[in-house]
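Okay, so here's the structure we're looking at.
So that you can tell them apart, the chains are marked A, B, C and D in the order they are listed, and the count of residues begins at 1 in each.
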Amino acid sequence: MTGVARAFGSTVALSSVDFEVAPGEVHALLGENGAGKTTLVRILAGLDRPDAGSVSVYGQPVRRFAARDLRGAGVAMVQQHFTLVPTLTAGENLALARPEGRIRPRAKAARERVERLADRYGLAIRADVPAGQLSVGEQQRLELIRALDADARLLILDEPTAVLVDAEAERLLSVCRRLAEEGRAVVIITHRLGEVFTGCDRVTVLRRGQVALGGTPVRDHDRAGLARLMVGASPADAPPAPPATQPPIPAPTRARSLERLRVDGVSRGRLDGFDLAVAGGEIVGMAGVDGNGQADLEALLAGLAAATAGTLTLDGEPLPVGDPRRRVRAGVAYIPSDRYRHALAGPMSLADNLELGRGHRVRPARRRRDRLLAPVLRRWDVRTAGPAARASTLSGGNAQKLVLARELAGEPRLVVAAYPTRGLDPDAARMISERIVKAAAAGAAVVWFGAELDELFAVADRIVVLATGHAAGPFEPPYDRAAIGLAMAGGHR
Amino acid sequence: MDTLLTFATLAAAIRLAVPVAMAALGEVITEKAGVLNLGLEGTMLCGALAGYLATRSSGSPWLGLAAGLAVGAGCGALLAVLMVAVRANQIVTGLAFTLLASSATTYLYERSYTLGQSPPRIERLGMPPLVALVIAVLAAVWFLLNRTTAGLVITATGEAPEAADALGYRVARIRTAATVAGSALGGLAGAMLVCGPLGLFIQNVTAGRGWVALALVVFARWRPELCVLGALLFGVCDAAQLRLQGTAAAVPYEAFLALPYLVTLAALMLRARDSRTPQALAVPYVRGAR
Amino acid sequence: ACGDAGKKETASADATAAAKPKLAIVYSPQFKDGSWGEAALTGAQKLKADGVISDFVAQENVPPGADAERALRDLAEKGYNPIIAHSFNYGDDVKKVAKDFPKTIFAYAGGFGDVKDNVADYSQPFWEATYLEGILGAGATGSGKVAGAGGFDIPVCRAMYNAYLAGAKLVRPATTGSFVAVGDWVDVQKAKEAALSQADQGATMFVGCGQGPTFGQIEAAKERKAVAAGYVGDMSGLADSVLVSFTWNLDKTFGQMVADVAAGKVNPTRYYEVGMKDGGMDVVINPAWQSKIPAAVMTTYEQKLADVKSGAFTVPFAGK
Amino acid sequence: MTTLSVDRTVGRLVGAARLRQRLAVTVGVPALAVLAALSVGAALMAVEGVAAMSVYGEVLRGVFVLDHGLTDTAVAATPLLLIGLGLAVAYRAKVFTIGAEGQYLVGAVAATAWATAAGVRDWPGAPLVVTSLLVAVLAGGAWAAVTAGLNSRFGASVVITSLLLNYVATALLAWAVRVGIRDPGSFTPQSREIGAAALPVLPGLDVHLGFLLAVATVPLLGAVLARTRFGFRVDVMGANAEVLGANEARPARVTLAVLLVCGAFAGAAGYIQVAGVSGRLTPGFATGYGFTAIVVALLGRLRPVGVLVAALTLSALTIGFDVAERSYEIRSSTVGVIQALVVVFFVAGDALARRST
């Protein structure tokens, strides 16, 4: 594509971008949050149209930006967010994406189709279960299978590994490798720089809608250099390694107090007699393959659901369930895995979002509320059009900062952080990590769900692996990657 | 009580169920695609008038049914423009349309009316062809939704429009088609009432059957076969109500009037939990909104 | 002039006609309903054609309550007299407005002599007609029960049914019957089903109250070889199942009010009881049936008809 | 410093532009909708040979010139305003109930039953009015609570259950006037007159006290929505019920709360209509205010002041056309078509305007 530009209102997402992918390569597309990566590939897949510029696929100029036409031309895309129909089974989702005629396949035929593809690419999936009930990893594999089913020549993956644990991510990358070897072109968007070096041939970096690095071979670069290019900072500011791995306050210097959180034989959903104890000032990393009870534990700790068995106590008191304001008053900070589902009301203003769970019976006038907000936004470096802006207009990193600004205000006793840096650019991720670590230093017990082991290694005092609803471990530093991997694999179905 | 559980009661129930079942079958298609059509009552009314006028001028009730179908589709097209293309609030659009249809059908009917001469009765169809029609449409709708790719696409559009969109299906087009198809059946239902048991048109002749059909769709958990069954249940209630009045004088008859609705409420209590409401029902689809 | 096309004359506009009263009717559904509304409108039209009134205004779709009150007030201010509120639901509205216009006659269809000063009431003694219809019904059917139906269970409807039953008993003393409230004045299908269920229980004669129930009965009678009765209007043309109908000649009723106004009786405190005796109603036998009714029954019918018309016999009102 | 002040100026300019745009949508769309509907109406009248312009002139005269035009408009707007306010609260929370009609009827029946009950009906005016209003509010609220209960306990759709309950309420009204609270001295089915529970007419204004009450709730409700935690919760619920549930309050409780508010307002409207206008209950009491109020709430963009304007506008149309129907040869169905078209065009225009901004 050449000279592609796209603006949303006053936001320029892309300005005159040239981008080119060759058959037989895995091409990494990097950039900060909001750099325009998703916008770029959506245009490539016909899900959006450029304001200017031209795109051609295998030599054919694209005239109509219609997803259907581009799929016909061999472009398939796995989007940043799942696009499966949750109530349909894997087989039905495939039949929906690429019908084999007017009559839909019987359950058996649909299942066979899934299994055929799954075998071929080594991506295991349960075929008869509604997609919404599959684990995140399975859903991601299903997305991939669906894209491959279209027999695409150009495969685009928008942050496919963001929701995967390391082992799963590695498997995915190796599938990509194989596809490239079959002669297809693969574009991968990722925030994990490591993956660029293990799995990709060339790399393009976008910065603020412009190309900062245009498709040069990966071997010409190192992590630090790429990170610098992404944020555009001078070498002095840039961290030498992925920033999230550099905790500002090393774990040993944090003063551990007495046990605060105690989880005793708790069951619910996939959790089955789960135990956990966390002391004040301690960060416990929760590792594990998605779908082993993480979602249930997150809901229990956040008071969104009640345990069917067992008890949860904070400083000896039962953890509040059901009434969210009681959760807030009890000093439980909740950074959910899905921001726009559990933390932020998209259509409401930033000020309103900060008030969630914390406002008074009578609210100040709107102007005053907005005025009170300004210093908070500055302190947290939330970049926005103003306090009256809607939360839905925030980029991922800024949205997460807003969540933390609210949740970490007023010394929490317990911090439940579910994948707090997921999908964030290195700068934002570092800031988020720092603040959570600081909260621990101030005495909070922290439960940190993490997808990347490296991140957990850097921040956690202990790591517990969640496998088939039970706790394995705990593992203490220095961490034994192999042992943890084994524990996680034990939990794999 | 022996007068209650007779073949005659069942026959009455079937007669009462026929138009409601047809309207509900149409609404299932529409709602499966994510459009809540509260204009169904109005659509039925338009179909009823069309059926009456067409039969009256042509002498053929079959042409009347065809006219009802066509006018229903037209209503659906108008509703789809508002609810899908323009993305107006579906609830108020439906209500406003029903309001409009009520006045407009009265207006048009009055134009064909000469004072002092009761408007002529039209040629009527017997129940067997109408029942057959309902069964045929039930089979067709069931096959469409459960056995065809189009049904899969309609379901996806109502469950996860962004997913359908991402796969290149045109959500607006599918919803428009589903609204037009569903409304066509709604219009047909109105015409069946007039060209079947009644043979006449009067103001607001559908008397709330469209609303009942809407409730039935929920009751039936968006399954066409249960829609027909539910309509029958409703019919049984109504038929029994009319029969019981003579015998159970101690119970005020208003209780019987409320009975079908109370039964539906009770049924909702039993079934609602596991209901499979289309997730995007009544939510206009805007690409990229969060 | 062209810009005012469709304007109704107001009462004070025409000096020459000022001597003749102008009449106003307020009605709650649409006039073209084949029943009450139509009877009122044709009655007024007839008075105008006969030159009894110079003009009239008729407003439809006026719900009782605030709307009716406003309409009545406005019409009174415009000089219409008499003003007729054509439903028994208008009673309160009429009484409220009438106080402020003591020189205008306000009449409403109460039907039970609810009068005070310039508030007048006019009767709808439909039971007189259904009594006679009952005689014919029992005669024409030979056996079977009477089936009454109304939109709701109200005294007027009950009275129509009871009178019909009484008439039928005159011919067949053992006759019984049942009454059903359909629960809706317009739901023809439900009314038809009600009638069919009564037919299942042996009914052969239908008498309806309200046009929805009546239309439903007529259709049901067609299917069950039973006989039905037309309601407020000659419905013979609709189906052969219509044995007999009655018409409501409201020109007679309204004419008496107009006469009072013309005579300057502004405060008549009068119940306009205009029944069959005064030509306010007629019973119309369907021509298709004329020859099929047994002669003996016909004699009884004609005898009773004459008695009712002469005042020798009054059909009792039984509203329970 | 400078960037900040630049930001502020830009913000102000952007704000001003947005304000202008919003004003255009707020005023322009309804105006165009009315104009478009009147044009269609003019065409219909032309077919019947009636001069539409004169009719419309008469409509205006009926509202603004004739003696009772404005007061009649106010009285007619009262139930629409009250019910519309309650619905606005529910709809802000995206709880799309259409059960206001039933709540209105139940409120009216309960209050009338209370005010005409033996022993109570002899009470003096003030306590009778206050207690009757209370009964109406409670009854309307209780009726609405059924919907909330079915929703939270069984997950039944609010739209459907509230709709079904309307039919039950209609049957209740029919029974009440025929049997339950029937005036024993009356020939036709109707309740006793409510006597001292009637609302006084405001001296010099010719509207009943209920209108004043309804108007007084407008700023009150506005303040509650803008400045209380309840109002905040309503808006959060409308924005994202799951976020509400995770951070602020249980969605089921807020659903219950807004339905209670809605039922209370509708119930109160039922009593006020009996006490201010009809004086007693009759079978014809159900005239669909609960449905028209849905239109009112949405036309008023779910804001109290907007609801007030919408209620007055729709009532003025009704009153004006009512007058015109008496002076010109137009049928009520023509008027019905015009009024329905106003709503249809407004809904379409509003959605279009939103899309383009």
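One rule holds for everything that comes next: a residue touches a chain if its C-beta (ideal position, glycine included) is under 8 Å from a C-beta of that chain, and two chains touch if they have at least 3 such contacts.
As the structure is a prediction and not an experimental result, all values here were calculated from the model.
Under the touch definition stated at the top, subunit B and subunit C share these contacting partners: D. Common neighbours of subunit B and subunit D under the contact definition above: A, C.
Of all chain pairs, the one joined by the greatest number of contacting C-beta pairs is B-D.
In terms of the distance between Cα centroids, subunit A is separated most widely from C.
Here the spacing of subunit A and subunit B, counted between their Cα centres, is 45 Å.
For the pair subunit A and subunit C, the distance between C-alpha centroids works out to 76 Å. Centroid to centroid, with C-alpha atoms defining each point, subunit C and subunit D lie 36 Å apart.
In subunit D, the residues touching two or more other chains are 171, 174, 178, 331, 333, 335-336. The multi-chain contact residues of subunit B, meaning those touching 2 or more other chains, are 106, 110, 208, 254, 257. Residue positions of subunit C with contacts to 2 or more other chains are 30, 153, 183.
Contact topology of the protein chains: irregular, matching none of line, ring, star or complete.
Touching chain pairs in this entry, ordered by label, are A-B, A-D, B-C, B-D, C-D. By the touch criterion given at the top, residues 46-47, 66-68, 71, 77, 79, 82-88, 92, 95-97, 99, 101-104, 340, 346, 392 of subunit A touch subunit B in their complex.
Within the complex, the subunit A residues that touch subunit D are 302, 304, 322-325, 328, 334, 336, 340-348, 352, 355-357, 359-363, 365-366, 385-386. For subunit C in complex with subunit D, the touching residues are 2-8, 10, 28, 30, 57, 59-67, 69-71, 73-75, 77-78, 88-89, 91-92, 110-112, 114, 152-155, 183, 319.
Residues 3, 6, 8-9, 12, 15-16, 19, 106, 109-110, 113, 115-121, 193, 197-200, 202-205, 207-208, 238-239, 242-243, 245-246, 253-254, 256-257 of subunit B are the ones touching subunit C in the complex.
Chain contact summary for the complex, subunit C toward subunit B: residues 29-34, 38, 41-42, 45, 153, 178, 180-184, 186-190, 192-194, 196-198, 200-201, 211-212, 215, 219, 233, 235, 237-239.
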